[in-house]
Amino acid sequence: MKITIKWITMAILLILALILPLFANEFIISVFVQAYFWAFLALSWDVIGGYGGQFSLGHAAFVGIGAYTSTILLESYGISPWMGMWAAGILAGIAGAFIGITSLRLRGPFFALATIAFAELVRLLLLYFKNVTRGPLGMLITQTGPQNMIFEQQSYYYYLMLASMITGVIFLKWFENSKFGIGLVALREDEEAAESVGINVYKTKIIGATISAFLTGIGGTIYAQWLHYVRPDVLVKLDYSTQIAAIDIVGGASSPYGGVIGSLILVPLSLYLNSIFGGMIAGLSLILYGVVLLLVVVLLPSGIYEFLRRRISDIMAKKMEKGGGKTA
Amino acid sequence: MFEFSAYVQILTSYTILGGVYGLTALGLSLIWGVMKAVNWAHGDTLMVGMYTAYWTVTLLGIDPYIAAIVAFLLLGLVGMGIHLIAIEPVIEKPGGHEATLLTTLGISVILESVALILWSPNPRSFQNVYKSTYLQFFGMRTSVAEAIAFTVSIVSIIAVDQLLKRVKFGKAIRAVSQNPIGARVVGINVPRIRLFTFGLGVALAGMAGALVATFYPNIRPLAGYIWDIASYVVVIFAGLGTIYGVIFAGIIIGITEGLGAIFLTNAYRHILVYIVFLLVLLLRPQGLFGKALRRV
Amino acid sequence: MAKLPSILKIKGITKKFGGLVALNKVSLEVRRHELLGLIGPNGSGKTTLFNVITGYYKPEEGRIYYKEQDITGLRPHKIVKMGVARTFQIPKPFGRLTVLENVMSAAMYGREATASKGKAKSLAMEWLKYVGLDKKADIEAKTLNIVERKLMELARALSTGPDLLLLDELVAGLNTSEMMNVVELVRRLVDEKGLTIIMVEHVMKAVMSISDRVFVLHRGEKLAEGKPEEIAKDPKVIEAYLGEPIKV
């Protein structure tokens, strides 16, 4: 019974998501485009940040690497982002492997700091190598047409981002039950015990970071196509890195749904507040961001998804009891 | 010849800056050492210290170094407030140390936003006699403000080290940092020690901010960021559990930044810092002066 | 007992921590299908020796041969894959994985390293039944009590498919009836499953009743080696244990 309710809920949500562009205005659609995009990034982050327990605060670097790779390929070599996104993922993945290597030696906040330094380095290098990246001015995407992942209407981006996000959810759903996923969680829980069952801790961490960065890099390509431009200070900043992590943690880390829930709550909230107060009081929406993060971590340390899941299963259990059904 | 002396001048300035990094890192190192908590809002409290100096000097017309004392006391209170909101509720829960990273991240975002709303994003600075008076030595020159900031940094680091070694309260801090359970058994009020340590750490950041404000032309809500990263780099570079290490690590980072300014131009000087930093992390993860970590 | 070929040869192992010599030129040979009791006072180097054999520590001197192959300095996961498994003195469960997943991870990554979840699951269930934890398969490992954690860790180690199993204080903290059950289980692993086991124990009754042979460490050095009844009477051993005669 519980399982059917779950599937029916999912089906309804999916249908709602699919028909939303039919009656929503451009602004609402663009809010969802961003919410799905951040959800996809949060899910990508979850691979190493949640399941792997390696707290990266440098994922904006992979967004930047991905966005720049496909944009340079498109603008300088005429290669479509539909192809370029794979190169973007691979390059970001290589950078991710480097982050993975630092995680072999650094724990918790020290790893987090190394990732920040890494992201800063990437931002500065993007500024520095002007010949390739055009420095602080960034690059405009001048190519057009669906074959170049550029669309006239928001709704196309909407479906593209939605598809990305759903792919992310399905991937994580598969991943968390895969051999590699179990190995990654095992080493998060206890590295020495993980070694004692035959898990190669080095390899697993590096591959985990690579997968996470690969996905994030692909996200970067799609984001660049939506923005129509790339610029170091826009893409690679600490705010973005922390936002990716915060969305996943508020929603619920180590879960295929946490990133989605976190993003669907936080992104519209901050965009909405920005649209109301943005002109008058810069920073007000950010305050709420900070307050929500603080409250969730203190009050619901496993995140919103886990909290909801437990509440629902409690309610279900109570109903079953009242109805005279047997309990587990 | 001119070029050479110009380089020496640059390196001198950055050495002095590096000494100040030592101070900005001190509070962070202290907090990490005692409670294994990360204060992600460290740079932002430093920024609040800058504004404290700015407003007390420009509105009340008092001496910037009295303002630094005001910043020390004020941020001490702010720090204890942050501790009660963001650290104490989570620190003893499972995964609590990681949670402090997030709660203080929330505090950081809140402080930055409040500063943006109250004081606008425009950079500010204030005139003072220390900034415009210069010291000359061996053909190099530095402002009195920077020289004082450097000196106060060194003195503060020594003072904190002595506090930990000689004063009863300091010994209690050390006891908590080395063995929290044992400290509790012998009757030390561990939560209170944590509260005061966090307060002290933030107070030092506030004072550092006020000192920096005397010569730094860029007092703005996001100014904490660059100092934040510098402080973290210094703490990690120095290694854990070393108070004196932060002086040397600070100066090394300062000189590296100076070399970056010479070879990569001013705008890109941090490239060298981050490369050196990442290399040190990979080759010597326990830091330059820290003890090696042991397994099992 | 008939003389069987050796499975593990430890030759002159020295391990230091700073100035402290944890193991000093320790040599030890373990024969196939043998149950070796490893005893000694606290801090005598038992766990250190385990950590050296399983690759967690690198010794300063000496070599370790497993089935005639030099495994000195290999990383722990490689040694596991060669068929040497261990448990930890303080159990290290993967807290947020279920009991079944804990044990499955060993089947998936251990010696056979099967990618098939079905296979891993049935193997894991088999060992969980063997140690009597099959009823708890689907709960999170962090909710287990200390006895269950130890048993789960035993099942996890067994799921890696070892020939040589190192048990670090498996029965410490158990009450007498639990202890007798576990001791019997360990003996059966040797007799029925053909494993070779080295067990570190403080509970003399447990070691002496089931070991084929006992090795005594004292301050990082070998103090004595022999049959349980010989060891129990050895004056050097009695002295090392604060003068108390050991009751068998």
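Here the chain labels run A, B and C in written order, and each chain numbers its own residues starting at 1.
One rule holds for everything that comes next: contacts are C-beta pairs under 8 Å (C-beta built on N, C-alpha and C of every residue); 3 or more make two chains touch, one makes a residue touch a chain.
The shown structure was predicted, so the numbers you read here are calculated from the model rather than taken from an experiment.
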item	value
From subunit C, the most remote chain by mean C-alpha position	B
Chains linked by the largest number of contacting C-beta pairs	A-B
Distance from the mean Cα position of subunit C to that of subunit A, given in whole angstrom	43
Whole-Å gap separating subunit A and subunit B, where each centre is the average of the chain's CA atoms	32
Intercentroid distance (Cα basis), subunit C paired with subunit B, Å	48
In subunit C, residues with contacts to at least two other chains	56
Sequence positions of subunit B contacting 2 or more other chains	295-296
Overlap residues in subunit A, where contacts from two or more other chains coincide	192
Parts of subunit A lying in touch with subunit B, wherever the complex brings them together	55, 101-102, 105-106, 108-110, 112-114, 116-118, 120-121, 124-125, 127-128, 192, 238, 242, 245-246, 249, 281-284, 286-287, 289-294, 297-298, 301
Subunit C partner contacts - residues on subunit A that touch it in the complex	177, 179, 182-183, 185-186, 189-190, 192-201, 254
Contact set on subunit B toward subunit A in their complex	32, 38, 85-86, 89-90, 93, 95, 97-99, 101-103, 105-110, 112-117, 121, 221, 225, 229, 232-233, 236, 264, 267-268, 270-271, 274-275, 277-278, 281-282, 285, 295-296
List of subunit C residues in touch with subunit A within their complex	54-56, 75-77, 80-81, 85-88, 92-97, 101-102, 104-106, 108-111, 113, 115, 117, 156-157, 159-160
